[in-house]
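Since the structure comes first, as structure tokens, the remarks are kept for the end.
By written order: A, B, C, D, E and F. Residues from 1 in each chain.
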């Protein structure tokens, strides 16, 4: 599957910002016909994501680079695992190296952190991303979340209805806001409402909201809310979720926990590129 | 100062991926002539960066938005501080909110983490970024590092010479690699070499490298290397630097410590946007 | 509200394809400081849409053009109505004229045709667009449909689930296809299924599809299907809908009729630009 | 022949607006290694146009799609005719389907309507397009007009001289306007003038205009004008031309009839994509 | 008048390639609130062109820059003449300086060289450009040629018909080639043919070519050709035209001399930017 | 090696400005399946540069074009030398011809002029480019300079420090300016200062500037300055360098002479494309 047009634009921005001045170090020291083989290697345990754009980074620099993916996206691998083999002119390998790694490290970082949250949820509640993605990386990071075992929330501001406090304040109440949104929204959209209190929850249920997001509820109120909503609406929990808190609340019966940190604060996965000469007989990885 | 063309392209990518489907929630609930005032507020201590692109996000959505910056970039502020005031049509505030915050949270995250490293260095050694930046964010994140009190390494692959093990391997030795690079490089470039051993260090010094990066040296060898290079070349330390390690080695006499994590693993700063109606008499922030 | 980034890109493509060779006719005959006033006038009854991009076409050619919108989008006007007044350098008016009109004529054409379908539906069923939009015009044409009183279907391929015959064929049946989609889809998405027979309808209802699209059902089966689905799923009718057929079936109780022709076959609305000299005392329009 | 750069940009806009949120329906129901064969089939009689961009839509989504064109552009085919065979991963076929069809349906619609006008003209007068094209589709729609047997008018505003009433008004008369334009225009350009009256026609002929466009002339005046211009200038007729009117006036001796509706109001041709499994033994089309 | 979209894209490419790494020299030495006034000054006699893009370069870097044009485009000025005054933040002046000058120096170079050819032609023959323009600069350089007093040839490959030897060779002769082209070309296009011999000239005249380009004719044949074509076709002379040769042949009666060197080999005009502090009382220019 | 993203964008701009109106001449006279072979031939002695983008121009127009490079970049060839062979559909050869030649003629022009300066320098001093490049051509022209045997100065405004008179004026003196720049600049950057007098030179040497550019020094002062700087700083000479002047001063001991004319005033190299039919048995070039 090819990159989406905007993903290619992002890759172009990235190559341009790193390469427009050339690579004099390599031109000074490595012959233009020197061929190499490189392995991208996990330096710590990680869940792979970003294989497509990793490959395109090399192809964009030199169409003669060949990238072989050695591990499936979504797979958890141990430190030392070879993720990709790349063959091509050594100059091209060195030019694309940093950009390719910057993408795959970030995206695998997202997948790896998502996996930790998914593990904490023990299969009892969906772990879901938010719109707090790296600007320009929406589609890539949503895929990384899926590779980590998580689920996606709405793709864009406009692909679902999510009524927040500001909308409620401007509409004379939850009931009206839900009614107005239902009247206008595509029939394919569910209606989600964020509520602050149990009283608001009751209004939202009465107005037949499809999904209700609890904002800063106490533990007791959260549990009450989940019980009240059962069978009537999906319940989504949100707001500063740590791994510990997810583990704690996963079993309470909510349908979804959405976690901004999956995409805005995932540390990069540690991956490095080792370059050998072409035809090199690679030693076994322990 | 305007955004650079590639920064505008990145902003456009970000707006497009979030807004191309419109915002039916807001259109359903908020009148098109409803005016609002919003404050971007630090929810935890942070160093601000990204003010320019934060402002442009709102202007790009609606030219009638007015953004006032309340805090200088590079300034450390406490939780609760108001960073920006934004006035404009409430619909526009809600459309731009997420993209604007995604940028400023990420960039302030970089500045904030940099400040922590700079503090750990106690002014005894430069803290410096790397090319491990978020793809497409090179210029923005380099500025964020400066706002955090750090320094920039080379902007691009080609704006300086940095000879690594692969280059050395392909050139019959450090001495030749340095000579070849000096022969080709612009006279404005310094020559930096990465070395693995004290023996390589000696060769690099003899070949008059301007900067020497020590890779995985033991503490003892690091200290020996710094002594040997004194007055002959700058010494840069690199590789998996934690705050604790920087605090430990800052006083050993190296010139630069470069830290990839500044840009590849900084958690987002916590900033939220509170929207009020226009003309609203904002309460004092405690 | 500003244009979306992709709408600006489309406008740029349009200006570029018409203007890159300049306008020698105008340069030969009209002085560079000649100011003019132009009125965009409906030559037949129409529903206006496309005001924003009409204005931007003039601003993009010359920032000194001033465009005043005289009629609200979504309003039905009679032949002879002035829609916009544009003031600016006459050369600029003539350069932007064709592109600006090409946009507003097409988009008003969509809004006008939509209005006819909405009138035929007599408020008894939603008239809804499809993804059969002019390539590059998705957001503009969806707005035009709303201006005509219609509703939008999903914005993109991925913003809702719509299971068609190909998906069913590849999944061992409707029941499995619905189950698989529900397992993967964002919790904000409703699940829609296209069915060919009443038997498939029953399976879809049993699998709790949220929306069911009837494909080529006979009139009798359509009416049966609507009765069976009542209270269990929304019913969408689709396929070669004419104004006459919509009028006939509007009252049968379906929830949505989707009409590809709204966007793929709407004739352009007839609008022309009359240019006067600046300061011209415009005669009253009868 | 490859797409022009701006055609690729338009295709990218179109793919992006439909695909940026992915295709969860297909991912949920169809395996990533499932291969398919699809046929694009005319559902009513049409003249084919848009083959190149139809093919590129599939290639852009997945480089492994193979598109075979079964009918030449410009050929009139009956309902039921297979136009293209597309082989590739079924997921890719489903992702590109809508965008590819949206292009080829629109462009074949233009070619088909043009053919009707050309038939009405019985070879006695050129049928010609205008600049009233879909914004961004200029080169594609001009080719479609040629595929339908029509001719192109000037490509851009600046690639020929066409003096209209506004130019005349600003230049102290037709004679001066023609003289000024001839003085400035490239020597490769013919000079065309739009006239309202027989008196203006005489002035234009005297000033040696190469082409004269008659605007809203009565039938009698049109015939007089054609006689007077014979051998001195080409005559172009324009303005709200229906098929019936073209049939009526085709034999009067004008050189060109230009028809805006060819591009601004052509209904989409009806084409659908039928997807089979790979290796499928397609049944004969009756 | 605004820049065309493709001119803005070119300006963006230019700013990006010079500025993406920032301007540390200026940031280190000049305060961000330091205001300056700059004058662009001709260092040798020149004809000005490129004013619009010169101004936009400053505006693109900082919207607060104000550019006042002191000399009309197309005007010949002496060394020492002030061409523009630019006021704005000194940092912005220094950032945009090089890009703005690179444009205006190149375009004024084209205008200045054109003026020399026009002067050599003494008003007896049109001096005309070719398609040998700097890639990306077509519209800008065509304007520069007009500013120098020259004329434009066709804007694009497709905006006129120019039959060359390759076309003739592939068409069984000049007569057929002209007939085929006339049959297909827009009625707004003149037909130009390049001929190698007087015999070909005669065929071209017989086939009623509108314009004939003489390729490598001897002086005697050129004069014969001009006589034969008089009143029947325009004659264009082309091929390695020097100022001396133009002066020699200008009076022979040809209609057009086209000169590739106008755009492919014009030396840059010498223009420099002198920056003063804001409020500076500029000394009189002698 | 592929083109950089911005080089592809420039190529797209160039193809678009020449080809958006098609090529009716060729379509009228040459069959779509006609295959041709073309040779790009040097019409005068030149140093080749621009091979990559020359090839991409043909590939962009038609992926079936095959380009074989017959001469290495940087090689000086005599008039008559074949530089490239291009095979492909004749229509494609004719469409891409002008754009491909416009690039390779300009870039070979730069390489050829550079070679002349390098020859004049007799290996005693580096000949170096400046930032006075054609806007959008920075990376291409820098490569052309290297192909001519020259060296590159800083790639961008921000990739080195170059302190000029304006910076000095705003910083209370050379000493402070150098100190401020060193404090801020990346440790990989050398510090260059432009000086007007020997007194400034002394200050710059004292402040340990790495490189000193002499601006408008008399011959005597130039020689003095070179002696004083020996072993302390590199000396760069700049400003209106002719071939004669370079030959004169090359032996004085400066390190670098930078020449803006290399890129802003190089006349295009003379290269033409000769097209034969495919399978054609090309005659030997004398």
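Here is the rule we go by: a residue touches a chain if its C-beta (ideal position, glycine included) is under 8 Å from a C-beta of that chain, and two chains touch if they have at least 3 such contacts.
Everything quoted here is computed from the prediction, not taken from an experiment.
Listed here as common contacts of chain D and chain E: A, B, C, F.
Path length between chain C and chain D in the touching-chain graph (shortest route): 1.
A comparison of the A-E and A-B interfaces places the larger number of contacting C-beta pairs at A-B. When chain centres are defined as mean Cα coordinates, E lies farthest from chain A. Between the Cα centres of chain D and chain F there is a gap of 43 Å.
Centroid to centroid, with C-alpha atoms defining each point, chain C and chain F lie 50 Å apart. Within chain B, contacts with two or more other chains are made by residues 6, 13, 16-17, 19-22, 95, 138-139, 155-156, 158-159, 162, 184, 186, 189.
Taken as a contact graph, the chains are fully connected, with every chain touching every other chain. Across the interface of their complex, chain B is touched by residues 16-17, 20 of chain D. Interface residues of chain C, counted against chain B in their complex, comprise 1-2, 4-6, 138-139, 142-143, 155-156, 159.
Contact residues on chain C toward chain D in their complex (touch as defined above): 6, 9-11, 13-14, 16-31, 34, 36, 90, 94-95, 98-99, 101-103, 105-106, 109, 131-136, 138-139, 155-159, 161-164, 166-168, 170-171, 177, 180-181, 183-186, 189, 260-261, 264-265, 267-268, 275. By the touch criterion stated above, chain F contacts chain B in their complex at residues 126, 128, 151-156, 158-160, 162, 184, 186-190, 192, 211, 234, 236, 255-256. Contact residues on chain C toward chain E in their complex (touch as defined above): 12-13, 15-16, 19-22, 60-63, 89, 91-92, 95.
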